[in-house]
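You will see two complexes here that share chain A, one where it goes with chain B and one where it goes with chain C.
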Partner chain A sequence: MSLVSGPGRAGTTGLPEELRLVIEPHVKYIQSLDSRRDELEYWLTEHLRLNGLYWGLTALHLLGRPDALPRQETIDFVLSCQSDNGGFGAAPGHDAHLLSTCSAIQILVMVNAIDELEKKGKGEGGGKMGVANYIAALQNRDTGTFAGDEWGEEDTRFLYTGLNGLSLLHLMDLVDVDLAVQYIMSCANFDGGYGVSPGAESHSGQIFACLAALSIAKRLDVVNVDKLGRWLSERQVEAGGLNGRPEKLEDVCYSWWVASSLTMIGKLHWIDGSKLTQFILKCQDPENGGIADRPGDMVDVFHTVFGLAGLSLLGHPDLEEVDATYCMPKRIIERVLG
Partner chain B sequence: MSRALDPETSVSVQDSLPVEIYDQIVAVLCTPRDLPLEIELLGKAHPIPSGETYLLEENYLAIPKAKLVQAFVVARQIFSKLFRKCSEEKRGQLRDATAVMLLMDPEHLTAANFRKSYILYHEKGERFGEVLSRELQFVDTYLTARLHRHTKSPNLWSHRRWLVQQYRRAKFEVDVKGHFEKIVLIAAERHPSNYYAWSHMRWLVDKFASTQVFKLGLLPVVQDWCLRHPSDTSGFSFLLYCLDIPRKPEIGNQDVVEVYKEILNIALSFKWAHESVWVFLRTVAASVADTDGSGLSFEEAIDTALQAFVHDKKTQLTLNSSMKWYTENRQTVSS
Partner chain C sequence: MASHGVARPAISVVRTDEQLHEEQQRIQEYRDLEELIRAKIAEEQYTVEVLDLTSKLLKENPEYYTIWNVRRRLLIYGLFSKSSDSSSPSKASQNTSPTDTTQTSSIPSSASTSTIPADSNTIQHDPISQTRGKTGTTLDLISADLEFLFPIMMKFPKCYWLWNYRLWLLHQANERLDWQIARGLWTRELVLVGKMLVKDSRNFHGWGYRRTVVAQLESQKLHGSSMVESEFEYTTKVIHGDKGLSNFSAWHRRSKLIPKLLEERQADDPTRRQFLDDEFDLIIAAMYTDSYPYAQSAWFYYQFLMTTLTDPVGHATITPNFTSEERIEFLVRQLEVLKDMLDGAEDCKWIYDALIEYTLCLSRMEERQLQIDEKDDCSQWLTELRKLDTLRSGRWVDLELDLRGNNIPGV
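Coming up: the complex of A and B.
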């Protein structure tokens, strides 16, 4: 797959050609992902198929092409990933987990098919309750955090995805939100950041999870925004991209984790938005579509959605607005949450 | 962190199933050993004699990626066939398939979960201790291998944590220092800034040795590792964790100041520009009293360091940023 190289020509927007956001190639790239079932890579990524569908669908929405994937097939596939316990696995027959369950709910909301979940959903109580009960049972009622599945691993990412899913289903009252907020507060580090659990290393991805969970709980007031804002603004490297921790390489996905975090605490202007925009655009494959972690590498759907979401946060005119808490189209979040 | 496969390794699943390759790889992976395997995957640039599936010298195992791919295809088909409809006799077969699947794809959650069920199946048996230790050897082999994705795999580290919990439930001993030196530090070495490896270590200490960091002699090991890996932010972050006075009753202010002094002196002598080092130093300086009184004020240290980097804008930025952060965040701690 060829990526950007060489000097560009000035385009109609005044930017060199390679620094413009392409649309159709990204759409075609995402549409092609499910059609490669004879390729090894398709089976190697089975463990995240449902997450991949969420990433692809969100990207298409941001590109203004929400109908580019077949709707009924999407719904049927999502529902086929549900286990009897109400949770969703990454693919049919795979074990349920909170991460894929959250993706399932987000996809169904985006294609406006929660009614189909109500009709055909499994789990205790069926429908929305079936999924919600699965999620609620994963909260640690002593500490407030969430396990990812029955095997018990706890991580603030699971806390976020738990609240994300429940809030979209309007069933947050099934869990102890105050306790969850207290848990996140106990994860605040001296450097202002948050990690996987109390006392853990600060990490941009975990920071996003904690802030987004606080945002859903309407408790962003507990954050030391100046301290955290400074730590996050230090993620921008000279070339304009963002990294996730000190001294790490820049990576397009941090354009989302860091930029959305800054947005949630009102400090997006603490980074150089235009430099970041240029970095993300350089990571595109303008011919075959898709975005890579950094210029020159191979593209994948994970970096595609987070690159686009980052551009949307920065106000790119050719993209739909993204919601910083949910990483879903703002329009849809407003419709669902009012 | 691109998840895509390079074209050289792409293989069509329409190819005939190389069951023999699968059987051979299972035989070498799943046989119990005294010494754990050290596994490496070989690319096209390192061909092995034709007809061979892998190279094995003592406990060093090298498998061509193309062979592993073929074995994975078989493993996945066995898994699909047997999973959720597995008779007792076939459990072992299914477990062998998961070993190959996880070697190819360490994030395969369902494969790892099956292995947990397999362990629990033996919980009441006499061989439980043996089963547990074999499984720990299995996951540790992958976590310490020269395999970029495995050493930082959240799925494998989570599996390890669950196993250690089973050790504890069965009242077997957990040698925290041993786990640290033989597994965590190796994985940390193989994959720089290894978030999951160091998170695992924090969990081990919190669960089994929270008041024994000093007693077990962990601190000098950590400090030494950091000094040999000054660009590793996770190592320094863990060192900070060990020096976190409110959470570590063994540690006193003077202990922290001593570590600070040593590292600061080395940073200045070697003219280290590493952001990881200066983030560590500024955090310690801001959170602990009396670093000024130790004769090595952070402000003076920054001034000295800046002089060494007169023409290096990037490092100047790091240093000035650190100074600013320190000024904004320093606490007055009553000693």
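Coming up: the complex of A and C.
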């Protein structure tokens, strides 16, 4: 059945209910996330607050409702998460980490508030420089990769978030981009994919991180497109969804990591987009909004944004176009990076 | 916030007043505990009591990375240095700034400075007995912490911070303890990760952790030597175990070990040739005996072996000195194997996919156009692919264009 022209369920015209993108419930769901302070879960997930805000805000942008969260409150909250060293923690009082730092920059860019960072930002050099210096100091100058924080765990995800944040601030020249590219190349495997570090198994999440980093560095030419495209296209399973590694279960979040990777190497047409679209739509909670990892499961904002972003890559008509490298609205990336 | 595999209740559950009250109480307790830890740390109370408070919180919420960091600071600024009767905490904290750890924990090297204040400038005791006295208690702290982590890791095997913190502890052992003792700890880790991989043979963190542990056990610092042979054997064992054929993690690890293995064996050309033969036999026998040739992991490994024949970058991994005649000879033989495999597995798209790819490779390696019968075969295999695998029909369109580039009329 084709999603666009299918006859739908007996007795109805247009699409069956479960295959319609429910915009308003998703918006309400995301808006409700910060008002759940009477739930223990709210407090147990504080370590993801800033990432969560980025996920929620991106989802709202894609849903065409960029103003659904109060702008000034958003900016104030983001700035309240900055540590004296220039990095951002997940919430006020949490230690700085590259993942939340990148989220902070992405949020500030989306609400067009980099000038507020310029005025109020902390860290060495203050403003944009304060946070950029924090990021740049996390690059391992011997190998090119990045640590996540002062404690030194290295992972290609951090390399990507580092380049992502710096490029949005137009301060890429603070790090050794060529060395970072060489490091990514050393993570390549025989299947064309990439892992956490040299020798590590290919994983769709890491592949996205490595390709997006290469894309920011404008070095996608080093990718073995054919091999990787084949491996990635085999992530699609009969149910239509995508998995992260061979012979694992499908999961909505891989709709983003796999489909964005395929997009970056120009092979998105190697999977069945209409089946993937159906799979993502079936993972919605049509009443209360939000998207889950698989049909019938609990929704969360993480799967909501990556489900929507996946749908956007597949050209869903009701969604803003997403940028495959940054997972932000394409229009905003064009505004910032020209 | 990112939940996996948690079922959504059919009707949204409305909490009773009692449940609401109970939840508020739990929130209050949690937040009070958090506040208490922060207050103690602000006062620099780096004590066992505060360590216990963090244990309590982390058992409930192992994702709270800032509290893991608090725990690290408790150890390096407080407990490690207090563990010896005569050491000075300030000295230890000077030497073990977090930035210091960045370099030493990620790249364990000889450059990492010992943080045990055993130098004679500040301490007049016999440096050896001093170190020994200290070893006992620092080891106790590290061992206790490793043990504390274990049940939490079994409960949350995908939590990054746990694996991360565990490695940090072990690197602390490298820096602070005699190498024999540190080595003992890492050796136990290999057993532990082995157990975790039995529980979940595909755990991504588990396989990554295994690589790190092995690299440590091989390192000069811990007076180690290569474990390539035993690790290679381990992959063989996993592959032959339950669901082994579809264990992509194990196949991947194997592919990475092979070049080193052959180098260490100082394999000559005939040995390498035999090795490649044996690997082909292994993968093909596996395809025939297990779930038949439908497991994609096995096919990716097959692809890896084939790159040693077809891809200049892959040549070096097994048979660097193969002549192009030898590569062609192996390739021709594999094409025959694949055609035989079709018998009884006509619905296995992987075989058709491989047949087309390697038929094209063969013509390239022989620097010629496809022959008429090869063109017919390819066009027939492509038709099967389109029938069997509709999800990837876009790929088959592109493949058809590739074949057209090879002048296959009518495909």
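The rule we apply is simple: the second predicted complex is superposed on the first by the 325 of 338 C-alpha atoms of A that agree within 3 Å, B and C clash if a C-alpha of one lies under 4 Å from a C-alpha of the other, contacts with A are read in each partner's own complex, and residues count from 1 in each chain.
The criterion applied here is as follows: a contact is a pair of C-beta atoms (placed from the backbone, for glycine too) under 8 Å apart; a residue touches a chain by one contact, two chains touch by 3 or more.
Small disclaimer: the values here were computed from a predicted structure and weren't measured.
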| item | value |
| --- | --- |
| Clash or fit, chain B versus chain C on superposed chain A | clash |
| Partner chain(s) touched by A:N140 [first = chain B, second = chain C, both, neither] | second |
| Partner chain in contact with A:H269 - chain B first, chain C second, else both or neither | second |
| Which superposed partner A:D285 touches (first chain B, second chain C, both, neither) | second |
| Contacts of A:T45 with chain B and chain C, given as first, second, both or neither | both |
| Contacts of A:E234 with chain B and chain C, given as first, second, both or neither | both |
| Touched partner set for A:G296, first chain B, second chain C, both or neither | second |
| Winner by number of chain A residues touched, once chain B and chain C are compared | C |
| Clash-bearing segment of chain C, relative to chain B, as chosen among 96-104, 222-230, 366-374 or 402-410 | 222-230 |
| Chain B and chain C contact sites that coincide on chain A, given as residue numbers | 38-40, 43-48, 89-90, 93-95, 97, 149, 151-153, 190-191, 195-197, 199-203, 227, 230, 234, 238, 245-248, 251, 253, 292-293, 297-300, 302-303 |
| Interfacial residue positions of chain A with respect to chain C in the complex | 38-40, 43-48, 51-52, 89-90, 93-95, 97, 140, 142, 147, 149-154, 189-191, 195-197, 199-203, 227, 229-231, 233-234, 236, 238, 245-248, 251, 253, 267, 269-272, 275, 285, 288, 292-294, 296-303 |
| Residues of chain A that touch chain B when the two form their complex | 38-41, 43-48, 89-90, 93-95, 97, 148-149, 151-153, 190-191, 195-197, 199-203, 226-227, 230, 234, 238, 245-248, 251, 253, 292-293, 297-300, 302-303 |
| Chain A-facing residues of chain C, complex | 1-8, 12, 20, 23-24, 26-27, 30-31, 38, 60-61, 63-66, 69, 72, 98-99, 101-107, 160, 164, 167-168, 202, 204, 207-208, 211, 246, 248-249, 252-253, 255-256, 295-297, 300, 303-304, 307, 314, 390-395, 397-398 |
| Complex contact set, residues of chain B against chain A | 1-6, 9-14, 69, 72-73, 76, 80, 83-84, 104-105, 107-110, 113, 116, 158, 161-162, 165, 193, 195, 198-199, 202-203, 206, 231, 233-234, 237-238, 241, 244, 247, 274-276, 279, 283, 286-287, 314, 321, 325, 328-329 |
